[in-house]
Every structure is written in C-alpha cells, then in structure tokens.
C-alpha cells in the first residue's frame, strides 16, 4: 500500500483516506497515479461493496500539490505545439485519475472535514455522495491561482448544485461551510465533529453494503448514464440492462427473505 | 371506469385516484394498462385542463404488486433470449404506462399522503408537480427487493432532486418524509393533513384551469423538450412553435380581459 | 448612451441599469436592440471585468412592453406563412438580445428589487448570478397574457431551479418572493433593502474584478459549455482549452503574489 | 384486408402492395391509416420474417392524394393557433404512419417500378433496402407543389444518399432514374423489368427469411439505433443487448447446423 | 462592390466569383470579411433565390493567402495564453465567414474549374451542391503545409464523401480530379469545359429559381437541421415548422398553376 | 512479439499482419488481447507514423475463433444475471480491442486479400482506410451463425457505406467482392494481386509518413470527433485544438521547405 493513502477493508466497506497530513493532503503526481490504481483495484475486489473517502490530519484535501503542477507541465520539447500536447496529456491524466471514482462501479461516500480545496473539490464532485462536518469548507481555489479549474469541478459540480451558487464559487473562490453546503445540495448532511460524521457515514455505508451488490452496481451505472443522456435514451438503456440482469440470485434471496421476514444475505 | 381507479371531472379539473386501498394501492397488471388508457383519454378530453393524482385509503401507492411482477416475467419459451426479450417488452410496457403522464399534454399534480413506495416514486417522478402531507414518505424500495428501479425513478428523479440525495435514496432505500422532501425539491410544499393538502392542491389546480389551455399545453411541451435538449435547440424549437401558435383567440381574450380589467375566460 | 439604459464603469465593474422608470422598465423594441449592443460592447471592452444589472425606479423590469409586442408581429404580407416567418424572426431577435448576456464573456450579476416580471425573468435567467431584496418578486406573467414564454424563461430557468417549482411558476404565474427565491435556488441571496443589496453585490463584483480576467472568462465559457454537453465532452473540451490557455502571465502573477504574500494585480 | 393494399404471406415473406392503380397508388387518408395498421400487424405476426413492398398497376406510388391533403388541414376552429395545432397533428399522423415501417422490427424491401413520387419517396426512405427497375424514377415532387417535404424525405433521405444530390433533388424536383439511383446509393440494384426485379427481390427476401429471426430483428434494432447515436453509445447499447439476447436457441441451432454441414432451421 | 469578388444578379440568380486571378484567387483577410458580408446581403435580398459561386481566371480558388495566415496570428501580447486566444478568435472568424454560406438561407451552387485548393475545399464543403470541370482538382493542401485543416474541411467534408476517401485526402493531400470527384460524391456532375459547366449549372439554378422561394428556403433549413440532429428530432422540428409555414400563397399559386396546367409564378 | 501477429517497422511505417495462417487468421482470445497491446504500443512509439494491417497466408482474417467464442461466455456462476454480466464484460473487452485501432492516434490502412469474414469486418471498419485485391470478399458472417454482430460492424460500417447495402450485407451475410466494395465506398481502391496491392498501399503509407506527424495525428483526432458530433461542435473543438497546436516546428519546417522548394523533413 502506497504511503500517500491509508486503506482498510472491513465488513464489505473500504475506508480510504488521504495520508499526507504534513502537506495538508495535497496530491503530488504519485498520489494521482496511486488514487487511480486504488479505485481500479477496489472496483475489481468482490469483497468491497462501498467506499468511504476521508482525510487524515487537519484537512480533508488541499488539492493539487503546487510544486507538482509547476514541475510537470513543461516537457523538454522546443516546439510550442508539442509542449501544449504534453500539457494536455497531463491534464487528461489527472482527469482520468478522478474519473476512476465514477468508473469503479461502487458507491463512494466522501466524508469531509476542514479544508476541501481546489483539486479536493474536483475529487468530491466525482463521488456519489458527500457528507461533512459543520466546520468543513469548500473552495474553488483555482481562480485565486490564476487557473481555470480543469480536472472536473467545472464539469461535475454544476450537475450537483444550483448554477448561481456554482458561478459565485467559481468566480470568487469564496469558502462555503457545512451548513450552506447542505442548503445548496453540495453535501447530504453535516455533523458537529469528524468522529460524529464518520460514525454516521459508516452507518450509511453499512446499510448500502447490506443491499444486493449487483443492484447497487446497476444503480450506479444507471445514474451515471442518466446524467449524460435524455430520459428516453435512459429508459431504453435501463430496459436493455434489466432484460439481462433482472433475474438474479439476489432477487430470489431478497424475495425469500422478505417472505420469511428475515434479513437478506447477498453473495459478493 | 375501471375499479382500480376513481375519476371525477369538475370545473376542468380531473381528480384521479388509485383505488385499491386493500392492497395499499399496489398496481397489478390491469392497473398499469388502465392508467395508460386513462391518461390518454384525459389528454384528449377538451373539458379537462389539469389533473390531480392521489390515493384512496391508507397509502398513496405501494408500487408494483409483487405477485404481478413475479408472474409476468417468464413467458413460456424455452429459449433464454426470447424470455429476456419478453421481459424487456414487459418493462417497456410499464415504462410506457408511466410515460403517458408526460404525454397527456396537461399538467399533472401528484397529491401524496403516507406511503409512496417503489413504483409510486416512478409515477410521481413523471408528474409535473408534487405536493404531500407532513407524514408522507418516499422510498426507492427496489433496492431492498434486489432490483434496479427500472421504470422511471432512476431516469427522472435525478432531474428533480440533488444527485447526492438521489444516490443515497437509491442505494439505501431510506424513507424521506414531507419536510425533507420539500427541502430537497422533491415536493413543492407539504401540509399537516391529507384534507388540507387536497384543499390547497385543488386551489392550484383551479388557478391553472383558469389559464389559457393552449398556453398551458404549450408550456408543458416546451418544459419537456428542454429537459432533454440544449438551451439553443430549445430556443429554436420555441420560436418554431410560437411562429404557429402565438396568435390565438386566447391571446386576444387575455389582452381584452387585461384591458377591461375583467377575468379572462378561455374556450376548451 | 441610449436613454433606455444607464451605464457606469468604475474599477473594472460596469453598472448597467434599466432606465425607463415611468414604464416600470418595460422593454420596447429599441431597448431590446440597445441591450444587445451594450452587452456586445461590454464584452469587447477590456476595462470591464464584471457587470451588474439592476433597475432604476420602482421595479427591476416589467418585461416586454405590450404595445411593442402587439405592434411588431404583423408584417404587411398577405401570405400567412410569410407573416409567421416574420413573427419567428421577431422572436429570434428578442432571444438573441438576451443571449448576448451569455455571449459577452464576463460574469453578469442581476440585482433585483420589487417586480421582475415576464421578460424580466427571461433576462435574469441568462445572467450568471441573481441577488434580490426581500420584497422582490418573480412572476412568469406570460401565462396570464395567453402566451407561452418564448424568449428564454422556459429554456433557461429549468436549468436553475427545481422542475416542480418551475412548472408551478410557469402554469400559474404566481409570484415568488425573495426568501422563497433563495430557497429554490433562483437567487444566491437576498437583503432587506435595495441599497443593502447593491452594497453587497458590489462587493462580490469587486472580488471577481480582482481575479484574473483571463480565468474568469475561461470559467464562464466552461460553465456554459457544460450546461449543454455531457461530462466527458466537457472534460475533453476543458483539456483542449487549457492546453492553449493555462500558461499565462496571470498564472505567473498569481504564483508570484502567492509566494510573496501580496495581492495579485492582473492586466486587462 | 383493406382494399387500398394487397397482402400475401408465404414462406415467411409478406408481399404487400399499394392497390389503388386507378389513382396511380396515391395514398388517401384511409390508406395512411391502413398502412400503419398493417405494419403493426406484420411486426407482431411471428410467421412473417421479411416484407416486400411494391405497387400494383402502372406506378409504384404517386404519393399523397392531393385532395386528401387539401381537405384535411383545416379543422373548423376560428382560432388560427388551433388550426395550426390541428395541421401539426395531421403532419405527425402521416409521419407516424411512415415510421411504422421502421418500428415493425422486420426488414422491409421496397421493390419500385415506374413512378415513385412525393410521398412515395418519404415511404421508401423508411424501408431497409430499395430495389427498382431501370425505368423507375424518383422525384421529390413537393417542391413543385409549393411544399416543404414534411413526412420523412428531408429527414431520412440525407442518411441514404450523398448530400449534394440530396439537395439537387429537393430543390429542383428532377427525376432520378434506376441507373443513377444505384450510383448514388438510393437503390441497391435495378433490373430491366418489374418481373425480373420481383424475382430477384424475392430471392433476397427468402435468404433473409432463412436466417435467425431473432438476429435479423436485433440487427434492425441496432442499425436504427446507430443511425441516431454516437459509435460509443451504440457499442454500449449493443453490449447491453447481447448480454441478454446472445445466448439463444437460434445460436445453438446455427452452431449445430454448421457442425453437421446442414442448413439451419429457425423457429418463428 | 469589393474588388476581391465579382457579383451579378439576373433572373433571381446571383453569380458570385472570386476575383483575384493574379493570386489564383487566394483569399486575403479582406476577402474573408467581404465574403461574409456578401452572403449576408444575398441572404437578405428578396430578389435573389439562388447563388452560383465560381472563380475568375486560371483557378477556382487557391485557399488562404499564406501571407495573410502568417501575418495575422500573432497579436502583440507577450502573454502566451492571450496570443493563443487571439489565434483562436482568428480561426473562428474565418470559420464564421464560411458558415455564412450555410446561413444565407438560399441554395449555393459551387462551379469549380482547375484548382480548388486548401481553403477552397473548406468553402465548397459549405455549399449545397458542387459541380466541376473534368480537369478540376481538389486537394486538402493543409497537410503539406504542416497544418490541420481548421475552417471546415475536416468538419463538413466527412458529411459529403465516404470516410475512407476523406481520410486518404486529408492524410496525403493528393489531388482528386473531376471524374473521381463525381464517383465519391464530392460533386454532382462534371463537364468538359468551364463554359459547358457554367451553362449547365445556370440551368439548374434557373430551375431552382422557378420554385417557391419560401419552400426552397425551408428545404435548406430542414436539410441543415437534419445534418446535426436525429431523425425523430428532425421530424418533430419539421412538423413545428410546417404548422406555421405550410399554408402560403406559394402553395395556392402552385396548386392553381397545376390545375390550370400553367407554369407557377412565385413572388419574391 | 506474440506469434499471432507479425510486425515490422521501417521508414516510419509499421507493417502488422495477422499470423495464424493455419486458422485462416481467426482470432483467439490471446490474439484479441495482443492486438490491443500492439496498437497501444504503436500509438506510443514516436518512430511509427502510419500502420498497415494485412494478413499472412490464404485469408486476411476469418474473424473470431468460434471455439474461443463458445468457451468464453459462461463464467462459472450459477446466477443468470452474473453470467450475463460476464458475457457483457467479454463483449466489451473485444470491442475495446478493436477500438484501440482508433485510439492509437496514427492512420491505419487495412490491406485485404481473400476472406475478410465476421470479426474481420468489425476490425477493418475501425481502420482509417481500406484497400483490397479484386478477389477479396467481405461478409458479415454473424447472421449465418445466429448472432447479432456485436463488436463494431453494426456500429461503424454504417458510417462508411450506404445504409441500403449495409442492411443487405447484415441481413443476408452475402459476400461483397473487390469491385463492388470500391463502388459502395467500403474500400478506396482494389488491385489485381496481393503484391500489387501491398506495393500501392505502401506508397500511400510512405506519403503519409512524409507529412508532419503532429498534423496527421491532429487530423485523425478531428475526423473521429466529427463522426460523433455536430458540425458546430466540431468547428469549436477544432478552434480550441489549433489555438494550442497550430504554431509548431512542423509548421515552420513546412513553410521553409515550401519557400526553398525542398522537401520538408519532420521530427518524430
């Protein structure tokens, strides 16, 4: 396990956390690569049914490590076009790292305390659900740094919060704290402390882990499909999907459990 | 009139209600077919300008009758592909029943009390507006039943509420009650009792019924078009539409009424 | 400067206001044309980094001047199709006037007091952010006038507020006041008086004006692109954009300022 | 069987022909309705695997019966908007009649001799394949009649032939004869006489009828899906489809037949 | 009239030609601007119903004047991002010049002799129909110049010719001559000499000019709409359009003329 | 180098060939995986500028090895849904192998002799250009095997050939030979023998290899983008791309070479 992250798997729940507390969990190049590898592995691990993403130390995540950013762009070409091509490849690489959260096929719950800054916002925008502490804050720091936020915030956050607030956050970089974050739909809920938050997020995670893994996976796939397609295309896709996937052992188990008033137990 | 539903038309308002109270208004196969027929008929009835959908008895709607579900999938073929083809046709049939709510061309106001469960959520997601009682609750029951919700919830609800809450509801199946439902945009408003709710929903319905039927219909068409198209395509479509439909007797009547400070009266 | 509008530019902030107070700032044909010209000019003026749009006198904006509407449709042709073609061109012209707000490339902050009626709602829907007074109200007046709102409200407002409330506003024409407007995401915030509102909106505008103009412009472009494209298309577009635009003097200035703990100063 | 059409089903092949030879097979209102009913019925008839569409008498099809056109538009309303709404409904009805050719799920082979005029071109554009005689001619007659071809030609023909020729045909209404029709991709092949054409088209039909009906149906569905979606969406849809439909008795039969070097026999 | 172009209007036909024969009709910056102005003016001139575009002197068009290209990119900024922003604006300006051919609303017939090189191919790709001489040749010269063709060829030519040939032309820059151009659908027809070609193209233009101008315009609009939308969206758009535009004086005139067996005469 | 393929790189041209002549170059599971690896590697190898794909032995490619197909679907689950999920993953894996041809960023020229069968057609549909011998034949064999062609043919071939012929090939499985293949746009050209074909294809490849690698790559990217986007989106994407990539050393080299009338030499 790479030292940039901490990972523990228990009761079908993977708890993953940023683990560079001295750097406020800023992500260097190695972290971006590792993150993609981890989500790929978690996606393929049948034991894992749901993932919690949090941060060790003082902050949730301080975004891209600026040194990384500054050092990685150049390439050594003396051709401007090739330099730009490399820069584009670099941006796409970071985008791909974040997209792995969506592609892992399992629900990802972000549990955020204190600072969620810049690249941190890009990351949580790709999670399925967001929860935080009262004191947590969210800021699209890029605008302060003379950057257009390019690895997911401007593409995914508008699908999550109202566009007026979206624009204000993106143009000003102002901090949004826990209670406002809940009001605008950025998080589902907030709690007074990190411990309390984690306790509650774990409960939600366990409940999801108790559901049919096949159905949870199918649900994630359908929600992502809908985000980018029309209602009719999504209905058709859903019908195709369930023509193949509806009749499952999980369905039988759920039916039997419901008849016998016992809890259902699903295989990995 | 089929016994699964109750229907009354008065003052241009059609009040339609689920009417299998002993089954908690669960919908059997006959109900699904009837529902589609009713909305088709209401759409073509010029006397009807707006529709209220509610439930008789203890619950609004308990969703798909499970026996229906279990009995309907098989088909008698011994070819797996043909069975799956039949299953797909069955899913599309239920989807089509719900889509008839959108296609009827008149505003549909869901008035929800107590349980709105599984298929009930699919149905209200296709209505134009949702209102409920404080005690009403909404639950994507499918996940408990080992199913991926396949007749509209995963396709339409994400266009109504924040995606984080959407995912939580879909993955956990937890109940959302009246006040939270208002907060997340699932309902426009809630009241303390079913009677109070109906009283208020009827007022809104009557107000809509007093508007130009032509314009209400056009507005519904434009809102549905926008949901699935870009802003520019929607503006172009709007311009084409009004090139043909702007100049109407309703426009003249509204203009005259406004000049004379009297209430406008529109023809069916 | 045309007398329908007042315009002042100071500290990189353009303050533009509707200026036909005797007509409750209703827009006649000349106003629509002027508005487009102004936003085009503001877009090209490097001194301007952000725009505030407000209204002089009692109301923010009463929408289309009805006389304008009534007089402009006909054309003198005796061919019905040609009349309709002219009518369509007229609608597209007004739509284009409003779209100029989006195309100017700079953030536009609507500061709304008292009535924002009919065409006024079309206009603020095309702004980046909306702020208002407690007493401000929003109404899709068109439905009362026997019209389908055709110059932006039905196309852009659904991307801003929950669809249930959207439908209710569009079908009934009821007024939504400041506090509810905030709740449903229509405005970012509201204040007790017009003065207080303007004071606060100016603060936000100044903060935006202090950011890199290049990045603010890029952010607006990306947010508009996302509104009408899939997440993946938007990520690809973003990567292409920043391959060309990331490395700028603004980036260097922001980096240096951040290192030296001084405020960044960006060129126009 | 309605007298506007002749229908014969033999060896899994349905031979359908326009049968108003005295009117050059012009379609009156009844014909349009009947055509939709027939294709619906053929789609549901398991005995039918492929359809040939031809014309009795001198011409293949002279398009819309002009009297029908002239008599059907008006409606009796004195409201211009309602008249236009009726006109639109009428156009959509004819469009729907033609779309039933695509929706029937079975390949439709148009076998064209002599005149294929106006509405006839709309119809053959919705067929899967087109064949003709050397003397057959195709003309977008609408332009001569002061009409924009509105029931499929301008929407489907551009997906069949080169856009330059498409435009020329649409703007001038000039006739395209058999050999040129083959050159531009409008027909797959042409023959010297109607008899020869029918003989060859029947051979092709019989070959299709000898294939797995399940696969032919799936192929039609996939080709129609592709026409209106991106390659990636189409690949994903294909994978969903075959996850449910690949493993079939037809597959087993084809495999066995291939092993035993005998001809495969598929169930309806 | 600008000296880069020659323009003559007669019998509703506008004959426009590139007129810098000494430069092989290469387009300098002024030409690009003028071309856009001309097509805008022709679009609004009711006397003009169809446009022929040809070239004076030895070649049809040699594309972008290289000096123009080399001189125009820089801008005087010392910020790389701003330079690139200017470059993008420059590309969009040239793209816009070409798009004016599509937006003018009247059919444009390109009549090509000898060289149609680089930017010339971008231009003819935006025309409705292309005709040429046997000796005419088409070459995507950009690849030889170290450029990706960026003002329309790579975007519009793939909608005109087979993708395999498209790719070969784009990757190699090889010349395609008249006969092959016809075979691959790039031109509708070719003739032995420029005079013969012009004689024939004029005949086609006159035939178009004799059709209802309203319908020709509507047809162009519908063909362009289809190019970028699904069949169903295009059918719906068509129905909306004709709800407003079907009933015209041109329709009546065409009907009467057809009854009386005389030629129809349409107003401008 | 895996024994299923032969690969040689010379003068910037990679010659890749199927190399299981005893199996008529049918692709087993290992071949599919290898093919993807190879195209990934060729994409990243700066020495390679263009790729020729041909077949050793009697046939170009016999498609999927049927034993592979039969053995790979099952998975060992006793849950029908999971089996279907595995089947879908298997289909997507093969699809992905073929998509690697598009994603490698370099032009791929298919050089086809004798049989191009089933999966072979899926593969060549993903190539940029196709060339063949007179005796080569193409057949969508899947329909004979009781399969819907699911790894690219039904998704990509309709973008290459006329839809009428597409449907005929897909429904009947009939063979299309060299000359007809050229006529319908399936291949760019055909020659009498394999040697002659390879000689000519190599010439074309060498010409492409002599062009700016940067521009060839950009051209492929733009052509693929256009295939799945509207013209306007494609123009915008193009402008963004060239804002970053236009100014290159290749451009300068091409310009200088053109001034000095010498051949341009581009770096890898």
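So that you can tell them apart, the chains are marked A, B, C, D, E and F in the order they are listed, and the count of residues begins at 1 in each.
FYI, a contact is a pair of C-beta atoms (placed from the backbone, for glycine too) under 8 Å apart; a residue touches a chain by one contact, two chains touch by 3 or more.
What you see is a predicted model, and the numbers here were worked out from it, not measured in a lab.
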item: Partner chains that chain B and chain C have in common; value: A, E
item: Reference interface B-C: repeating pair among A-F, A-B or C-F with over half of contacts shared; value: A-B
item: Pair joined by more contacting C-beta pairs (B-E or C-E); value: C-E
item: Averaged-CA centre spacing for the pair chain D and chain B, given as whole angstrom; value: 36
item: Chain A-chain E separation of Cα centroids, rounded to whole Å; value: 48
item: Separation of chain E from chain F, taking each centre as the mean of its C-alpha atoms, in whole Å; value: 32
item: Where chain B touches two or more other chains, by residue; value: 80, 84-85, 87-88, 159, 214, 227, 229, 240-241, 243-248, 250-251
item: Topology of the chain contact graph, where touching chains are joined (line, ring, star, complete, other); value: other
item: Interchain contacts (touch definition) - all pairs; value: A-B, A-C, A-D, A-F, B-C, B-D, B-E, C-E, C-F, D-E, D-F, E-F
item: List of chain D residues in touch with chain E within their complex; value: 66, 70, 73, 84-85, 87-88, 91-92, 95, 99, 142-152, 154-156, 158-159, 162-168, 170-174, 184, 227-228
item: Residue ranges of chain D in contact with chain F within the complex; value: 50, 107, 128-130, 159-161, 185-188, 204, 207-208, 211-212, 214-216, 218-220, 222-223, 226-227, 230-232, 234-235, 238-248, 250-255, 258, 264, 266
item: Sites on chain C touched by chain F in the complex; value: 229, 233, 237, 240-241, 243-245
item: Chain E-touching residues of chain C, taken from the complex the two chains share; value: 78-82, 84-85, 87-88, 214, 244-251, 267
